[in-house]
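Below, subunit A partners subunit B and then partners subunit C, in two separate complexes.
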Partner chain A sequence: MIRATLAALMSHWWRHPLQLVSLAVGLALATGLWTGVQAINGQARDSYDRAARLLGQNRFATIEAADGQRFGQARYVALRRAGWQVSPVLEGAMRVGDLRLRILGVDPVTAPPDAVPRTVTGGGSLLPFITPPGVAFAAPQTVSALDAASGLPALRVAEGLLPGVLVVDIGIAQRLLSAPGAVSRLIVAPEQPVGRAPLADVAPGLVQRAPQARADISRLTDSFHLNLTAFGLLSFAVGLFIVHAAVGLAFEQRRTLFRTLRAIGVPLVGLIALLGAEIVVLALGAGLAGVALGYGIAAALLPDVAATLRGLYGASVPGTLDLSAGWWLGGLAVAVLGAAAASAQSLWRVWRMPLLAPAQPRAWARASARSMVAQSALAAGLAMAALALALWGQGLVAGFALLAAMLLGAALALPAVLSALLWGAERTATGALAQWFWADTRQQLPGLSLALMALLLALAANIGVGTMVASFRQTFTGWLDQRLASELYVTAASEAQAARLRTWLAPRTDAVLPIWSVEGPLAGAPGAVFGVADHRTYRDNWPMLRIQPGAWDRVAQGRAALINEQLMRRAGLVPGDMLRLPGGHALPVAGVYSDYGNPRGEAMIGVDLLTALYPQVPRLRYAIRVDPAQVAALARALVEDFGLPPDNVTDQARIKAMSLGIFEQTFTVTAALNVLTMGVAGFAMLMSLLTLSTMRLPQLAPVWALGLTRARLAWLELGRALMLAALTMVLALPVGLLLAWVLLAVVNVAAFGWRLPMHLFPADWARLAALALLAGGLAAAWPALRLLRTAPADLLKVFAHER
Partner chain B sequence: MLLEGRDIAKGYDSGGEHVQVFSGVSFSVASGEAVALTGESGSGKSTLLHLCAGLDRPDRGQVRLDGVPLGALRDASRARLRRTRIGLVFQQFNLIPSLPVAANLSFQARLAGREDTAWTGTLAERLGLTPLLRRYPEQLSGGQQQRVAIGRALAGRPGLILADEPTGNLDEATGDTVMDLLLGLVAETGAGLLMVTHSRRLADRLDRRLRLSGGALCR
Partner chain C sequence: MNVKALLPVLLLLAAPVLGQGFAGLGTEAQGFARPAPGTVLEFPADHGAHPAFRIEWWYLTANLVGPDGTDYGVQWTLFRSALAPETRSGWSSPQIWMGHAAVTTPTRHFVAERLARGGIGQAGVTAAPFAARIDDWRMAGPDLSALRLSASGPDFTYDLSLDTARPLVLNGTAGYSVKSAEGQASYYYSQPFYTVRGRLDLPQGPVPVTGRAWLDREWSSQPLAETQEGWDWISLHFDNGAKLMGFRLRQQGGETYGSGTWVGADGTVRTFGDGEMTMTPLRETRVAGRDIPVKWRVRLPAHGVDVTIEAVNDSAWMDTLFPYWEGPVRITGSHGGRGYLEMTGYD
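For the complex of A and B:
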């Protein structure tokens, strides 16, 4: 019985291959986009974990300076003498050509087991590692990239290291980083002798920190990954719309079969079980294709994501995928669960269907009238929830919940709104054909509504994200002009060279402004403190959001600090509040400046105070004010006469181009996902129209028989799709703008800590509208062409009961 | 002559085989004449009716309406002819589900640009549809739907009514009522009628009978 029933059920798919394709592709796309995004996130998180694991940051306590700065190794020696089982680490960044390297200096002799990669300490590696000229371990791709680089120790490949990381002996690190005798932190071994002297007595100014459960970098990048996840979820939802439509139609068309099967003795439970098994088998097949697609998407997007994470956050993520079996199985599970969710309603209907239910398929329009009311009520509920979240919601999760409620509410409300508009058009139509066109379109709505909802979501996402990105770009460009007021930026290779550079520049320029900073915790999160010279460059140009009278004077005198918007929002600080700097010194906040694109909190204090509080601050970077006509000559002289490497001299235009490049790359992935979502929506529309076209003949044949040509009917079908796409676009516009507002005013603020002004870009909307019409037109073209080519004999089958 | 068929042949391909439905069929229907087209199942009655409506083309021979050979016309011209000169009544009614009864009644006449609201009103009255004008097809019984279909076919005052078993889906009493209305109204408008039917009783009520059998027309 099972085989016969299954054969009867499966025969539907052979007769309707398009539905099968629609279901499989919908599910594969949904799974692909979701698993793709998960693969990217997973790869990045794995990299952060590896970074934290590298020196045992996630397992070992550390001892650091209270202000987060480096300290002298004499303190380390003092602690060892006092019995402390600690091992020094020096960490820093250096540039070799275009490559930015993170140098990790370790002492493998004193490090606790597993705190240092086994490759470094194992076998015969130890001796060459700790004795000059030393050995540097790096990931294979870093070794290849550095092959011809000079000034580095001999390179050795170490599997498992992150790209861009160089592990060397601490002595080598001190030389490479020009930090003789400096230590960043001490790793504390788990086993410590009893009765050792307290830390505060042996090394005052140092503090012990518990192992970090998560790497600092993962805290910074959380919001970036949450954005990706939200997009993945949106694409997944759009894909499930297709699956829901295909499964719903397949079940609807088989109602007669279900009734017959039950009438001839197939038990209801058996029927449901077989239908469930059918869904699972289809989901596994489509899911497998989807997971492969997800791998492809992730592999294609990962280099851009890696570049973004590197450019924006300094996080090192390999540009290649390394996925576990769990990811593949998880992808399949997502496909099965998605298919189950999309089929649940249809299975429930079969479960509830009385044995003697009318055999003919229900009239979609009538059945949908009831569900449209329920759907509209749900949409209203979601709109209320969105409003409540907008008014009282806090944080990023509330922001995304607001987005979800708003988008889902708008999508659910779409059929009712379109139906009302079409009803109005029908009422005002005068011609018979026009009246039929509107009425027939309204009747088509239930069959098309899921595709149109998917299109609405994709269009609204495009408008919203597009408006956000374009607003960001416009604001960011203006902000860069303000922020990068100096004509030239130079970096000295050493403190001695920096001193000579200042002397050399003094007579040749209008001003030499230090760009000196120290890194350290601000309001409990990674941050940085910059020293600022008292110069009109800052007073005239610095992009201030809020400022107290006399703020610049007080900053110059070391009596106040300026903070960036991120720190203001994260720490809830306003002008007048006290800010605690790394190391404990506190200053009142005198103003807030905008700092787009920077994930960290930052503060600016007078440069004299900075050098007083942090005497070891590197004094290598400078901004130079000079007559713009002299920039090229000065840059040349800096290289040719003074002897600075060309890479250490950067003009304003190049920095702007670099900043904009990082900015553009940040949104490359967003734009790619946006296009993919549009593609999924277009596919949903095509599949719905194709599926409907096979059911349209009974409605179109009488109109043809009454005197319309197939060509005219085909044009009307095309026009219908274009009109629905256009109406959906018009309705998507306010939804998209609301989405942009939520992204700019709620999500961005919660995720990145800055709020941008919203700009409107009608030309972009016009382009998107053209794209929507093109998608609608292309989706409708095939069914319309099929109708045009339908042989009269096929149309006559609608009427013919005999030949 | 209103409708004329000369030496018509029609067949179709099925499963790689050519099936000849009929050949050498010649007939005529005059204005004001009601002709029954009978024959066993599969004899090609509906196919012949579709050829007469210009919905399909014969493999051989000619169908002429008002002397115009339908086979020579382009698709658009045949569609115009159907709009303006022919009223079609189907067994399955084939009303437009998205339009209310009133719009269905006047649909073809309005398509042809010859709507006569007074005549449509009269038809609705005569067919007993006045109280149902705001309803949708799905809310009507089979008899009511067929009355709407007859009204739609007659609303444009066509010269020829082609009916394909118009009472085939109705019970006898309802079928008789519908036939009475159809024949009365056709006579009133002076249109010609060619009606496919299985029923000898119904065929006897018409002026003449054509019988398709064994792929040929028997008189």
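For the complex of A and C:
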């Protein structure tokens, strides 16, 4: 009995392979996009965790200077001699050619077990490790990238290290970083002797920090990953629309079958169980394909994501995937849960189906008309929620909730709006054919509405994200021109060279402006303080958002600070408020400047004050003002006459190109996901039209019988699809612009701390509209072609078989 | 003979091959100075460090009693391990320091361990005025006749004053101590005559103590033969005022090599060679997954010694980077007294 029932249920898929394909592809796409994004996020988080583990920051308390700066190792020795079980770490950045290296200096002798990688402590003899030039442990790809680089310790491969990190002895790190006797922080062993003196007595100015569950870097990159997650979720939702549509159709078309099966004695529970099993089997198959697809997507996008994270945040994430079994199983679970969610309504309908109900698709259309009312009510509710979130919401999660409510509300409202428009058109139409066309379109709307909703979402997302990216690009380019006013940027290799460089440059240039900075906490988050020289370069060009009169003079005198927009928003500081610098010195804020692309809070103070507050600040980087005509000659002279490595001399154009490159990379992933979402929507439309076209013969046959040729009918079908796509595009435009506004004014501010002006790009909309029409046209072309080729006999059969 | 100073060598040079255990101590000592017979030890200079030698230690054990007659044992050890036979200032110094401290009661055994790099001021030894220290642990005095000794761990601290007017005891031949038939040797002298007064701070509270202490000074570059796997070492204070230091090095195949020093109650020093003293295990106990002999019969017929020594606390296990057994013992038999027992290489 079960086998016979199963065979009967399965026969549907044999007769409608396309439905099967659409179900499977929809589910696979949804699963694939979702798991792909999860894989990327997971990989990045794993890297952050490894970074934190590498330093033991996630398990060990640390002792740092109150101002976050390095301090002398004598204080380490003083703590040890007072009984404190601590181990020194010196950390810093170093450039070798184009590579940015993070130098991590540790003391393998005093480091708590597992605070430094086992590969380092157990990696053989200690003597070469601590004897200059020392031994550096690094990830395999870093070792090969550094092959033949000079001036570095001997390189050894250590699995499990992050790319770009060199683990060396602390003495070697002090040499590499030109920081003799300096320590960044101390790792505090979990077990301490009794009776030791308090920290404040032994080492005043040092503070103890509890182990951090998360790496600092993950706080900065959270917003980026939340963005990706939101996109993954959107794609998943669009994919589920397809699944829902396909499952719904399959169930509706089998209503006759269900009724017959019930009538000949198949119990309802058995029927539901078999249908459920069918869904689960389909979901597992499609989910497997989806997980494979997700792997492909993640593997393809990860290098770009890694480049973005490195460029934007300085976070090191490997460009290759390394996924656990849990991820694969999670992907399958998502597929099964998604399929269950998408088919729950259909199963419910079968459960409630009266045994003797008329089993015709028309019934579905009428039921859908009722559900359209419910949908519209839900849409109205979501719109209200979105409005409330826009007015009173705070933070990133509220921002994304606003996005979700707005998009979902718009999608749910679409059928009702379209229906109203079509109804209006029907009322104003003259002539039987036109009236039939509008009425028939409206009658098809329930079957097409899910595909159109998916299209609306994809179009709105495209418009919104496109507007945001283009606005960002326009603002960013203009801002770069202001910010990078100097002609040449140079970096000295050491303090001694920097001193010679200043002397050498003085007679050859208009001005040599220091770019000196220290890192430290600002308003409780990682930040940086820059010293700024008193020069018209800044007064004339610096992109100020707000500024008090006389601000630059007060900054030059060390009596005020300028802060970036991120810090203003994060700490709620406005000009006139007091800002606490790392170490406790407080200054009034005199102005706010825009600082796009920077995840951190930053402050600018007079360069004299900077060197007074932080005497150890590295004085290696300079911006040079010089007659633009002499830039090339000076750059050459710096390399050939003065002897700077070519990599340490960068002209304005190259920095701009690099900045724009990082910027473009940041949105590569967004653009790729955008295209994929569009593809999913187009596919949904195709599938809906194809399935509808087979059901619609009973509606078309009378029109054909009244004298309309098949060719004419096919053109009408095509026109209908194009018209619906065009209408959807028109409706998507305001939704997309609203989305862009939310992204720019709410999400970006919450995520990155900057607000961008919104620009409109009508040419992009026209291109997108053409794309939407193309998608609609392509989706309708095949069903139209099939209609064109329908044998007249089939159309005649409609009358013969009418039930 | 406290060859456990070789532990740091193992730790730092052969860390990946932990399984090799104490048998790895007989490795070649290229470039390092070697002890030579006939060398005259000079004091106070030789109380300080000898960086040209690979290993060295300042090793103090004390048998103490509380006001209620309870036996306590205290250990304070500073090891120096050279990765290369030289000194450099700063982090590139190849001199590595390690400290072990312990307090043993009849029921508990408290252990702490310290590690330090040479060259940055975290640990070191000066000969005059004498001071040996690592982190907050100190053994210091104007000279070796009067010392203050302190150490701390997660659950204990101690602060002891040590005094003696007696001369140093040179082990072996004028301080040249042979460790194997192949001729491995070390420089080795002791000060076994300290009287101790001070305080232990234990979880149950402070305990005023008095008693006797024994300081061993030894340095070498390769004191073990390649075939030697571990050792059993004793330092005994007899109630009549005599002292006995003796050890036997266990070789592969069950052979042993022994030696020692007898200090009579009148202060006469007699050293003895292999075969004169016998050590026979009487009872083993299970500690840290190993069978360790904690009761021995010790015979030295030349001086009329036939005693049984038994651990005050069977579980005196030094759970340090390279673990071993070290604890106070009670002496019965031909002589009564207290002493210290150390055993390594029981894997």
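By our rule, the second predicted complex is superposed on the first by the 789 of 803 C-alpha atoms of A that agree within 3 Å, B and C clash if a C-alpha of one lies under 4 Å from a C-alpha of the other, contacts with A are read in each partner's own complex, and residues count from 1 in each chain.
As a convention for this text, contacts are C-beta pairs under 8 Å (C-beta built on N, C-alpha and C of every residue); 3 or more make two chains touch, one makes a residue touch a chain.
What you are looking at is a predicted structure, and each value in this text was computed from that prediction instead of being measured.
Colleague: Is A:427 in contact with subunit B, with subunit C, with both, or with neither (first, second, both, neither)?
Modeller: After superposition on chain A, A:427 lies in contact with neither partner.
Colleague: Which of the two partners, first being subunit B and second being subunit C, lies in contact with A:705: first, second, both, or neither?
Modeller: first
Colleague: Counting only touches as set out at the top, which of subunit B and subunit C does A:799 meet: first, second, both, neither?
Modeller: In the superposition, A:799 touches subunit B alone.
Colleague: Which of the two partners, first being subunit B and second being subunit C, lies in contact with A:352: first, second, both, or neither?
Modeller: The answer is neither, since A:352 touches no partner chain.
Colleague: Quick check for you: in the superposed arrangement, does A:370 touch first (subunit B), second (subunit C), both or neither?
Modeller: A:370: touches no partner chain.
Colleague: Kindly classify A:83 by the partners it touches after superposition: subunit B alone (first), subunit C alone (second), both, or neither?
Modeller: second
Colleague: Name the contact category of A:195: first (subunit B only), second (subunit C only), both, or neither.
Modeller: Only subunit C; A:195 stays clear of subunit B.
Colleague: Quick check for you: in the superposed arrangement, does A:3 touch first (subunit B), second (subunit C), both or neither?
Modeller: In the superposition, A:3 contacts neither subunit B nor subunit C.
Colleague: Using the superposition on A, tell me which residues of subunit A are in contact with subunit B and, in the other complex, with subunit C.
Modeller: none
Colleague: Which subunit C residues qualify as touching subunit A in the complex?
Modeller: Residues in contact with subunit A: 12-13, 15-16, 83-84, 90-92, 94, 96, 112, 115-117, 120-122, 133, 135-136, 152-157, 201.
Colleague: For the complex, give me every residue of subunit A touching subunit C.
Modeller: On the subunit A side, the touching residues are 73-74, 77, 80-83, 85, 107, 109-110, 121-127, 130-132, 169-172, 174, 191-196.
Colleague: Using the touch definition up top, name the residues of subunit A that touch subunit B in the complex.
Modeller: Against subunit B, subunit A makes touches at 363, 365-366, 431-433, 435-436, 439-440, 442-443, 698-699, 701-712, 792-793, 795-796, 798-803.
Colleague: Flag every residue of subunit B that touches subunit A in the complex, lowest number first.
Modeller: Listed in rising order, the residues of subunit B that touch subunit A are 12, 19, 21, 41-47, 50, 53, 55-57, 75-76, 79-84, 88, 90-92, 94-99, 103, 106-108, 110-112, 115, 138, 152, 164-165, 168.
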